[in-house]
Amino acid sequence: MESFPVLLTILLAPVVAAVIMAFIPREEHMLIKCVAAAGTFVSMALSLYVYFAYDQSLGGLQFVQQVPWIKDLGVTFFLGVDGISLPMLLLTNLIGFSAVFASWNVNHRPRDFFILLCLLITGVMGTFVAQDLFIFLLFYEVVVIPIYILVIIWGSTKRVTKEYAGMKLTIYLLIGSAFLLVGVIALFMKTVAATGAPDMSFAGLARAARGLSDFDQIWLFALMLFGFGSLLSMWPFHSWSPDGYAGAPTAVSMIHAGVLKKIGGYGLIRIALYVLPVGAKFWAPVIAVLGVCGVAYAAMAALAQKDLKYIVGYSSVSHMGYVLLAVASLNVIGLNGAVANMFAHGIMAALFFSTIGFIYEKTHTRWIPDLGGLARQTPRLAVAFMLAAMASLGLPGLVSFVPEFTIFVASFKVYGGLAVVAIAGIIITALYALRAGANTLFGPPRPEYDSLKDIRGPELVPLAVLGTVLVVGGLLPFLIFDMVNSGIVPLMAEISGALKLGGSF
Amino acid sequence: MEGIWTAVAFYLLAATIVVSALLVVMLKNIVHSVLWLAVCFVSMGGLFLTLDADFLAAVQVLVYAGAVCIMVVFGIMLIQRGNMGSTNLFNNQTKAAAGVVALVLVVCGYLAATTPWASPAFAVPEKTVESIAEIMLTKYVIPFEVAAILLLVALVGAIFLAKEVKKADAHND
Amino acid sequence: MVEFALHHAWLVPLLPALAFVAIIFFTRPWPMLSALTAVAGIVGSFIVSALAAYGVFTNPAFKEEPLVYAVRWFSMPGLQIDVGVQLDPVSAMMIFMVSMVASLIFIYAIGYMKDDPGFSVFFSYVSLFAASMLLLAISSNLLEMFVAWELVGLCSYLLIGFYSHKIAAREAAKKAFITCRIADFGLLLGLLAMQIVFGTLNLVELSEKIANFEQYTTFGILTLIAVLVFIGPIGKSGQFPLHVWLPDAMEGPTPVSALIHAATMVVAGVYLVARTMFLFHEVPGAMELVAITGGFTALFAATIAITQREIKRILAYSTVSQIGYMMLALGVGSMTASLFHMWTHAFFKALMFLGAGSVLHALHHKADVWEMGGLIRKMPLTGWTFVIGGLAIAGIPPFAGFWSKDEILAVTLESGHYVLFVMAAFTAFLTAFYMWRLIFLTFFGEENPENHPHESPAVMTLPLVGLAILSTIGGLVGTPWAPYWSEWIFFGHPHHVEPNYWVMIGSVVLAAAGIYLAYQLYYVDKAKSRARALAQRYNHIYTILYNKYYIDEIYLWFNHTIVDGAAKLFYLFDIYVVDGIIVNGLGKLTCLLGEGIRVSNTGRLQNYALVFFLGVLAVVVLLAFTGPSAASLIVGGVK
Amino acid sequence: MLTTISLAHYMVLSALLFGIGLFGVLAKKNAIAVLICIELMLNAVNINLVAISKYLTPALFTGQLFAIFVITVAAAEVGVGLAIIIAIYRNRLSVNLDDFDWLKW
């Protein structure tokens, strides 16, 4: 079994599905959707297998595949998973699979849609399994193009046009990646100059970067922080997030809010922090302040929204603030919380967006004043909505509570008063989440929605998959935390020396 | 003694070339410009003689004064109609152009004047045509052939370009 | 059997939870099956907790050493959270009481909720509610307790908003959740601080560590922690100023009101403070805060209750007031008296809520007490059980409320809080008055000809009878002459209050006076003209009281003006400053730059040639006058 | 000094001619005039080539040879250029370069 390239299979399954779809006549909607579902299902099943087959006691990178690629640049096609990337991989596939079903009713050029969706999923997965910075960036760029096309063709125009939304999303991603690229190239040059042997793998870079001066680490980290931060919708680089999600089709919102955003957090931990701990230590207070700003600010902004997608858009900015705060705490508990919270938020946001997608599909509106009383007409939809809303406000027993708790523990310890502001975010979150729920689902049923059909059949898959994870992850948090912990502890062990010594500034 | 005659010839020819070239640029009638161009080309042929390049002088007169000028005149005939008095005017970036040209002249003149050129070790051999023929048909035979092909291609291209495109015309009408 | 129950006490919350799952996923289409599942769950839980309680209360070893077993929930270096069960007299009493009262309420609900379209869903919710509350009671870990605490909040949200198509219900549910959430924020901060300072949230470990808190932290921090922790109970137990959600919670079905107000949710706060008594015990300041909050809330809510017209609303304010008593008792240091009152209150308040539900059921949800009257003739069982409840809450011996209330008054006096004692005593008078006002208006006097009441079915009246019996004899476990209660339920060491006959007599006199006043105003005076005249004369006070001191309005104003205004401001800032000026501004700037540079792009060849030659010139100058090294710097690539 | 004609003399002459041609190229409206001026510039180059051939490498004749090539290319260029101008004229009825700003888009 060891020789079976399971990660590569996970990565390629959607691609194969996409290729098959390309040969299916465009009228065969059902067949196309089934192929897409099958492709993503293979990935999901295999990543579940990997998740549970991963040996936590052993830790480190497992299921490794390594093929030398560009010798001069030290690039290897290096795949592997550890406790940090595995939850993200699983998250991607859970959401990817659900996203296919959340788009089950796409009947406008479905073949193109699902091909792009599959490529998008592959791209996102790739960033999480890549253990080589070059490959990471490659997959990251793969992600951008399908996103743009998906938004401008299948998006929806509300406050902003879908073209604007797609453009904003893409440009933001690209600006972020441009800064990132500068940082990466500079880092590469510096490390090559230091060691003489080019090596683009994370571990190799980290080893080589130990020799960098504090100053170098600091400005390189700043570049990466900007790159990953804008991807993570770090305040004040967040404004693509609400508009982008509002313009994007359901599946893209799900994937984007669910996992793509997490590439930012993942990169921040896996690359920026791991390779440049001294820089991280220097910038940690800034990250914390920006994170707290994001939490409070976005939560308040979400309170003023009337479009459901905008609420979730701002809410995801707010939740990413917690991740930043956790990263800034620079301790084991915080990083555990950060990764787990990304997982939790991914599940929750995806469920939220899929639910909103269905509501929009059925009622043709996302404008809260036009909605109301849906709980009577579409009870299952209401269940999904409430599950997501409750997870969003961090209800214990659902997946997001324990991660938030650990983040609070870590950040409260390090930042005290600042963390209190962030924790107060849970009140505002409750306020907007419940308001949205109350005004959409409850109250007197509206006669115009009497004929609505509740979600059923394939439409139930997102609720079933994501809802199960939401509850199971909440009741048995060790399933996530043991895994994350097995990745965080060795990482912290490697950089703890630098965290203590550095920061002479 | 011969140096003086060479010098006189040079200055006369140079003056003719510069003046006629200036007239080419300055005159408002394009036909006049072309005529002065011919003058310029012929003087250039003379200048080549002072440089011991008699074959080149002949080529210059034949090709430039003989062929190019005539071709341009034909071109003008095909294009310009009506009043020829103001067919060759300056555009609105004349002053800027003059500035750039002045700069070019200053730089080139300065460089030409200050560069210490080596003096010739010996005179130019008499048999220029033979000498040219020798290298042209031995060492530079491929460029020579390429030039021939180039001319052919240019000829064909020119015909193709200048030919009236019937279909397009019909379409335009 | 008993051993089994003791070592499988986790079944207590698990059984209702399983009932919840079973109803949601399997039995939902069959209402009766769902109800039976729920009842089976809670009764099973009751049996286990009764056995466990029996096991605990027959083994004095439990007084010293609680039975704890736990499994790891999640862990990482520096943070380990276990979930488990802690059985000691307090939790045993709690699960016994909760499961008993809940069982009766569940049975009652079968009758009350009959014909409701959401019958099955209702039973799934209440099962989850019971499960959460029982989990809260037997948690061995504060975080586990917090989880249950929040789940209780969730269930109350779902149940208050059960008739979610009604806007009032929807808003009340939201209000309940958010009010509690604000309080939970404080509690969470307290928990975090404890976790950070002491490195554990395990109750047993914490109690040991906090006893020697000097090793870990300062007195100031500990006080802060205690105050933060107390914010949670303020919200959940409806203490001033976060009591506003409780009366609105009446929008839920009546069994829910009973469940929320009597035995479960609102006393969770009291229970939490009791559970963390080791913390409060160390900081007298926080204790004072608890006592003052409790005493003030008791009086405050009682004054509101005397003017209210809706039957369940009066009961709700009464609950707030009674919880105030419990807090007061905790604050003056007597966990015994506090939990004793909680115990008796659970019975008589559940009884009264269910009685009120029975009345509403009969009157088709007409809730104004002024429109009722003489119901006791048509609904004798409901009426007389309600009267028992009234006697119990007023504090007439030998009913349950007398013993507990008397003990609270006694300990308050004993601890030297004279002002609070006076407030509490006055509250006792008010309690008797408003409760009997309710009883006289509802059950006695002339019948309203518009009403056609009928006695409720046996499935509803039997729980009433059961609760009435408990309300009568439930207090006998803790009389001053037979203090079984204080031998088992205590903090630190058993504290036996000497019977204070003056207090006893005084409280009975006050209660009797209250009842007599109500009798005069609302029974003897058939036209109620004196009551009306009184209200007329003190119109201002009456209006303020009737409008609950306008606290709801203030909150509403704050919420809609300040919070929403701020939100709007943030949003506008986001759209117009962050997005407008910075993001789109950058975009515009780029466009403008492009427009500017585009002017140079004339499209005219000669223009380009001009610039091109300038460039050539520059290169020539560079190469000619500065040498190749400088040139290569700019032109690049030259080696 | 004036009497001995050195390479520098030819260089200056060539520069003058080149400048005049350049001026014409940059400043004339008529496309044909521009074409003519390009010829002037090419001739300036030829002067240089031949002069350098005489003064620096008299025996090699490469300068003269290149001049011949230049003349060849120039002839071809004039042919094609004129043809293009005629084609443009036919479409636009103008040889005024100011009218031709299609490169703008």
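Letters A, B, C and D name the chains as they come in the text, with residue numbers starting at 1 for each one.
The rule we apply is simple: a residue touches a chain if its C-beta (ideal position, glycine included) is under 8 Å from a C-beta of that chain, and two chains touch if they have at least 3 such contacts.
Molecules present, by chain and UniProt name: A = NADH-quinone oxidoreductase subunit M; B = NADH-quinone oxidoreductase subunit J; C = NADH-quinone oxidoreductase subunit L; D = NADH-quinone oxidoreductase subunit K.
None of the values given here were measured: they were computed from a predicted structure.
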**Fill in**
More contacting C-beta pairs: A-C or C-D? The answer is A-C
**Request:** Would you mind checking which chain's C-alpha centre is most distant from the centre of subunit A?
**Result:** B
**Request:** Could you give the separation in Å between the centres of subunit A and subunit D, each centre being the mean of its C-alpha atoms?
**Result:** 64
**Fill in**
Cα centre of subunit A to Cα centre of subunit B, whole Å, reads 69
**Prompt:** Where the centres are mean C-alpha positions, what is the separation of subunit A from subunit C, in Å?
**Reply:** 35
**Inter-chain centre distance, subunit C versus subunit D - centres from mean C-alpha coordinates, in Å** = 95
**Item:** Residues of subunit C engaged with two or more neighbouring chains
**Value:** 606, 610, 613
**Message:** Which positions in subunit B are in touch with at least two other chains?
**Reply:** 91, 93, 96-97, 100, 104
**Sequence positions of subunit A contacting 2 or more other chains** = none
**Prompt:** Mind giving me all the chain pairs that touch?
**Reply:** A-C, B-C, B-D, C-D
**Message:** So in the complex, the part of subunit D that touches subunit C is made up of which residues?
**Reply:** 22, 25-27, 34, 97-98, 100-105
**Message:** Which residues of subunit C touch subunit A once you look at their complex with the stated criterion?
**Reply:** 72-79, 81, 143, 146-151, 154, 157, 161, 164-167, 169-171, 173-174, 177-178, 181-182, 184-185, 188-189, 192-193, 195-196, 563-564, 566-568, 570-572, 574, 578-579, 582-583, 587
**Asked** Within the complex, which stretch of subunit B touches subunit C?
**Response** 91, 93, 96-97, 100, 103-104, 107, 111
**Fill in**
subunit C residues touching subunit B in their complex are 606-607, 610, 613-614, 617, 620-621, 624
**Message:** Help me check something: in the complex, which residues belonging to subunit A touch subunit C?
**Reply:** 168, 171, 236, 238-240, 243, 297, 300-305, 331-333, 336, 373, 375-376, 390, 393, 395-397, 401-402, 405-406, 408-409, 412-413, 420, 423-424, 426-427, 430-431, 434-435, 438, 441-445, 477-478, 480-482, 485, 488-489
